[in-house]
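Chain naming follows the written order as A, B, C and D, and within any one chain the residues start at number 1.
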């Protein structure tokens, strides 16, 4: 029991990562509404970004901008990586939403199962 | 045993491949198209024949085209064993092309261009199989042979033909996969797949369990096309193909490529000694013996003539495999000699069946009572060939069976000799009724003797035979040219077959029964069978077989 | 698009006036962030996003069609392609001068520009800002434009 | 010249932008820009291949930073031939798309972005950079799939997008764990650092697991392969030809697909499932970790790209000529369209692996590698797959050659033109009323058929090219 509490106390950020990733995956797979799936995908990606950021933490580190008189910096690499990953995430969401809007205008519904039925009919 | 680097083996393979575009290009003018086929056939025989003296003198023609896959070259090598199958296939292709012209035009079949093009392709790959220098090249042509012959099997485009085609593809590609696995195992065990007379040395030391597995796979793979018993059922179904296809391919080229594959594996990959050590010779011979007995028994009950011939082929092929399995000098010589012997005899039988089908549309033996009157020459050739099949002396079948018998007795496996003799009797049992019915019975009641009733040499003038065919053909021209007169009105519906209402009408002995396109090849192959029997040494085949045996170091 | 005239889109005056006031400040802040990528926090992507947010805010306030007429498709494409070209040519420059792709130091060594890598990075950041700004607003107009009250697709 | 490596990635992006700009002035100039760019890309790819042949593995540091810190582009025996393949197939598909494919400039911009993404994935030496290029390829592929005009392609594109993103994000997470475990992102450095850290340490195992699952999802292996056939079948012909040949070349599939292929009636969907099966073999080949099997995997990768691309293009040609899309409608095709039927037959037999076409060569190496590394089950599965592939290929050949021509025939012809006329935008009418199939399209299919057989003889050449890289990888 103490191990779980100790993990919760000291490594809460990794727990947050797991929760986000799990929630994101569940939404993408479990939910029938297309927009909710896209939201789930976003959640999933944010979880991964959080994982990267938490690994970059250096105790007492200074934000990764060079200033005089500061020695320890938070390692900048994960931050840069996540910047690019966020850009990728945004573009994916944009393309997904465009497709959702197009599907909605054609089928009139956002429910993936109803769309599947309609597809098999025509 | 000198290796001569020459382009002739490659030329032999490519000559009919080159003919294919020409055949397809001239599809509007049938005579030109058939001309291309004949030209290719004659050219192929010329090239192959030009290599025979060299091979008999002991040297080998090689065309090396560089490495195809790491450690394995794409090499064509015309050695003695390859020459045996190559010479046979190319020689008989000439006769079969002539016969196909007669057969196709007799029935005016659809899709003749596709037929002749695929025929040329299958011969190219058959010669490729003959001259392959290693297991991989052999496998390449083995698979291409399947692809080239598939259009011929499914030629009729009826549902039955398509089903036969599917079955043929499934069986032969299944065999192909087994051969590929065996080849990979051999390559893995020994690092090479090249054929070395007397067997690849490294195989002897290789781990016996895997070597046995490799042999089993290779034998099964080639066994599909050699129609060994459990894997034979595609052959009778493939009889739905036109008869020249059944003749040349399913009696000579395709099935012989399977048997040839087993011969290569037995003589040039494993070699008799290694087979004896691994103890794989006996099971192979046992399967062959079982096949030849059961196939003959099944043949007894088949009423359709071509199906009976198909089962006879299944059993005769096992003679060859038995010869190879017995592992003694004479048996191997006998087995190899049976390849040409059986080819000539079975080709004649199929040609006769084809001629009967074209002229009288009868396929079932029960309808063939008294057909001797209608088609005397064909039925005489049929009688000669079937006698040869049974192993009657002075005919080709006897010579090779004699060698196999001595070989099996010498090597102490007399049980196979007994099996051979029993099968000989079964042969007689299923061929003689056909011959007897043709000559000594008449369609009406079975005891009237047409031979006695219609005088030898036929009668003269229109009023001659009182049973003039009532169906309006009237003028039976004595000069025998049946030409356009189409006595039975060739409507292409089901095999109603059987004699016309007034019984078989009399056709003279001078070929009035069918076009010479068909009679010529029938008589040629029948006389070939007789010549092989009367003077085997004269023909080049026995000498080739002896050189093979010497190379392998089994005799002399 | 449907050619029928509609009464001009009017938002409540409170929103329209506040947007009219704060829009320029948001734009300058966006550009500020865009310019400060090299040695201080900031960057092209965030700056571009802020500029796009401003455009969308204006669109909400003054109606999508009027804003579309102002921020026509030609500008969106120009912004996006201009940004990519800037990024590419700043990057390819050192290639011509013997360095490797995106090696700004070669500007300094070859052409003697001081603090070349700082300006190089900021040039690229500006390019990226333009791309992101153009693309996000373009996307907004594309999604919004096609499916207002009309039934069928474009 | 090492600059070619960077240009190979940057140039298509520039060309994409150029095509967008050109779109503003001349509305149908997209194809010409794309064609020019593809030719230049092919030139770059060939020059890289030549430099690899002489100089062996050539690396290129971006921005002059020393490798472990900076991003590095690497061209070696494995990536150079694949890049040349990418360039040739994109040029061939462009020729094919001249008439069959969509028209608009946006399509060609996305097309060029896809080429840039593929070049990036092939050449990158940095694991995070691989993620970025993987996403670029993915995004372009989603847009291309969605460019089909009926809405089913939009639904398929969304399904493809969701699964592809999940796959790529898992890959990113795996890269994160690798970075955490070793502190570096450069692949070569990573391999060394993994050894130091010890392969059984938890983060290393986690990173390996995540990366493999991520790629398997992207590769659409059997359990998660639902997106791929929809995407192929609904995308317009030239796009599916391209995707099947290229995007799938970069990622691989599982054998069970051929069982599904047999049940399909619509030809393109059948070919899509066959891709699922053919790539399963390639995954198995690489998973065997034996140099011969790896060679077999690469040969089969190249061979399958050529054969499957050719088959999709041929299916497109036949569809435009006769409107035949399902296997039943292929009845008697040989008598109506002998040339196209012949091409489909040759390519189909090459797919089955009839020697000497390239299908056989790849299989030979893979089976040999499987037996050498003592995996008889894999060898058996691969050999059985020949029969499985035969099952659905023989059906098509039999329908084409030995089935009688259906009665209603003329209707099919016109329907084909109308159906496909709709696909290309209104600007197409300016082209005038030629036959629906341009000579360029048939030329592409003929080229593919010829290449399928010719490549068969190039087996050893490919192996000698791969030798140095495999040496480095397997250290044998």
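Criterion: a residue touches a chain if its C-beta (ideal position, glycine included) is under 8 Å from a C-beta of that chain, and two chains touch if they have at least 3 such contacts.
This one's a predicted model, so the numbers in the text were calculated from it and none came from an experiment.
Centroid analysis (C-alpha atoms only) places B farthest from chain D. Distance from each chain's C-alpha mean to the overall C-alpha mean is smallest for D.
Chain pairs C-D and A-D differ in how many C-beta pairs they share in contact, with the greater number at A-D. Chain geometry summary: the mean Cα position of chain C and that of chain D are 35 Å apart. Here the spacing of chain A and chain D, counted between their Cα centres, is 29 Å. The distance from the centre of chain B to the centre of chain D, each centre being the mean of the chain's C-alpha atoms, comes to 46 Å.
Chain B and chain C, compared by their mean Cα positions, are separated by 80 Å.
The complete set of chain-chain contacts reads A-C, A-D, B-D, C-D. For chain A in complex with chain C, the touching residues are 63, 65-66, 83, 86-87, 90, 94, 97-98, 101-102, 105-106. Those residues of chain A that touch chain D in the shared complex are 21, 25, 28, 34, 37-38, 41, 44-45, 48, 51-52, 55, 77-78, 81, 84-85, 88, 91-92, 95-96, 99-100, 102-103, 106-107, 115, 119. Within the complex, the chain B residues that touch chain D are 66-70, 74, 114, 136, 139-140, 143-144, 147, 151, 154, 157, 161-162, 165-166, 169-170, 173-174, 176-177, 180-181, 184-185, 187-188. Only residues 39-41, 43, 45, 132, 136, 139, 142-143, 146-147, 152-153 of chain C touch chain A when the two sit together in their complex. Those residues of chain C that touch chain D in the complex are listed here as 74, 77, 80-81, 84-85, 88, 91-92, 94-95, 99-106.
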